[in-house]
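Have a look at this one before I ask anything.
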Amino acid sequence: MIVGEVVGSLWATRKDKKLNGLTFLVVKPFSYDNQNQREYFVAVDNAGAGIGDTVLVTKGSAARISLANADAPVDAVIVGIVDSLEIDHE
Amino acid sequence: MIVGEVVGSLWATRKDKKLNGLTFLVVKPFSYDNQNQREYFVAVDNAGAGIGDTVLVTKGSAARISLANADAPVDAVIVGIVDSLEIDHE
Amino acid sequence: MIVGEVVGSLWATRKDKKLNGLTFLVVKPFSYDNQNQREYFVAVDNAGAGIGDTVLVTKGSAARISLANADAPVDAVIVGIVDSLEIDHE
Amino acid sequence: MIVGEVVGSLWATRKDKKLNGLTFLVVKPFSYDNQNQREYFVAVDNAGAGIGDTVLVTKGSAARISLANADAPVDAVIVGIVDSLEIDHE
Amino acid sequence: MIVGEVVGSLWATRKDKKLNGLTFLVVKPFSYDNQNQREYFVAVDNAGAGIGDTVLVTKGSAARISLANADAPVDAVIVGIVDSLEIDHE
């Protein structure tokens, strides 16, 4: 699972009907060394996230398990809003 | 999910019959920092997309859920045409 | 889905019996900018491909859907031979 | 499967209820050549791991198979604590 | 599917019981251009492989299909020992 920051949102009127009602947010993955900035991606919100929130994202087949509609063609879902992330040992 | 631009198309006469009737488009993924240009890939269209459209793409096992034929051996599907993509917070 | 060129083949006598009868080809993925050459990989042929053919490859769980035997432990399958690939808009 | 070190932990109060009761740990993947440090990621603990432990992580759809609740939207799980890792041949 | 060399092994006493009885080997993926050395990973052996063998590895959900126990939380399995790998066309 990936931690990132919600930095934007996406709208699409013409889309697969199975995506109706979902909120699409743009996530900027955290880079712990600031060397290899990973690309932004789009995730469906399932945690009430908003711009600026630090979020936990699940990708792959597990993503749609989070949604009420398991038939949604979605490969990334925001499953939580991060309260704290502690890196203790490096 | 990935945002990209439709930049081309692909034809294949000799193919798995389960792919018959599908439209294959070439997608150029957006790179937010223009540093690490990601490779183009091929996705099946399920949103009526055309050359030059900005599209939302689902990859992996979720891709074939979007299609009417869930037995299509497809790992990337265009599930929406993007109306607007707002990056608010960086 | 990925486009590549068939550049070789692989033989393995000692293998999972569920792979018996399959043809393993080495695929060199196309790189559109020739900067980040991606690594070759091995895919099972399901389109009658041969050395030098440009092919369409499906990866992940969708790959084995293409095969008659859905129990084959395979994560990449050649699902078509490309007739033309047009990049119209860059 | 990936070997890494547990370097931190994550808390999220507002989350998908199907994640309740799970422990989220931050894993730093081992890099064998120290050249391409891979990004840290978050995995659910299913082996009683703690900070500083070297762990074995399963990703993708196999991850949730490890958990008692197969409906957990999780894509990475710590499935073992590594006693020894021997690289014999290079 | 990936070709690599078995370079080591891993032991874990404290682990998900569904992993009991499996052999974990460390695989060094082949790099065809020696430029981007990919990271070593751990795969379960299902072909009787040993140190120094060149092996064929299946990743993702297809991996556990190879094992007798499809409930094993495993994302990479050695499915064959490579007899020959011919690159004919470059």
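Chains: A, B, C, D and E, in written order; residue numbering restarts at 1 for each.
Note that in this section a residue touches a chain if its C-beta (ideal position, glycine included) is under 8 Å from a C-beta of that chain, and two chains touch if they have at least 3 such contacts.
By chain, UniProt protein names: A, B, C, D, E = Ethanolamine utilization protein EutN.
Just so you know, these numbers come straight off a predicted model, no measurement behind them.
The angle of the rotation carrying subunit A onto subunit D, fitted on C-alpha atoms and rounded to the nearest 5, is 70°. The mean-CA centres of subunit D and subunit E are about 19 angstrom from one another, to the nearest whole unit. Subunit C and subunit D have Cα centroids lying 30 Å from one another.
Shared interface positions of subunit E, i.e. residues touching 2 or more other chains, are given as 60-61, 63.
Order of chains round the closed ring, starting at subunit A and going on to subunit D, comes out as A, D, E, C, B. Listed in rising order, the residues of subunit D touching subunit E in the complex are 1-3, 29, 31-33, 35-36, 38, 46-48, 56, 58-63, 65-66, 77, 79-90. By the touch criterion stated above, subunit E contacts subunit D in their complex at residues 5-16, 18-19, 24, 26, 28, 37, 39-44, 51-52, 60-61, 63-64, 71-76.
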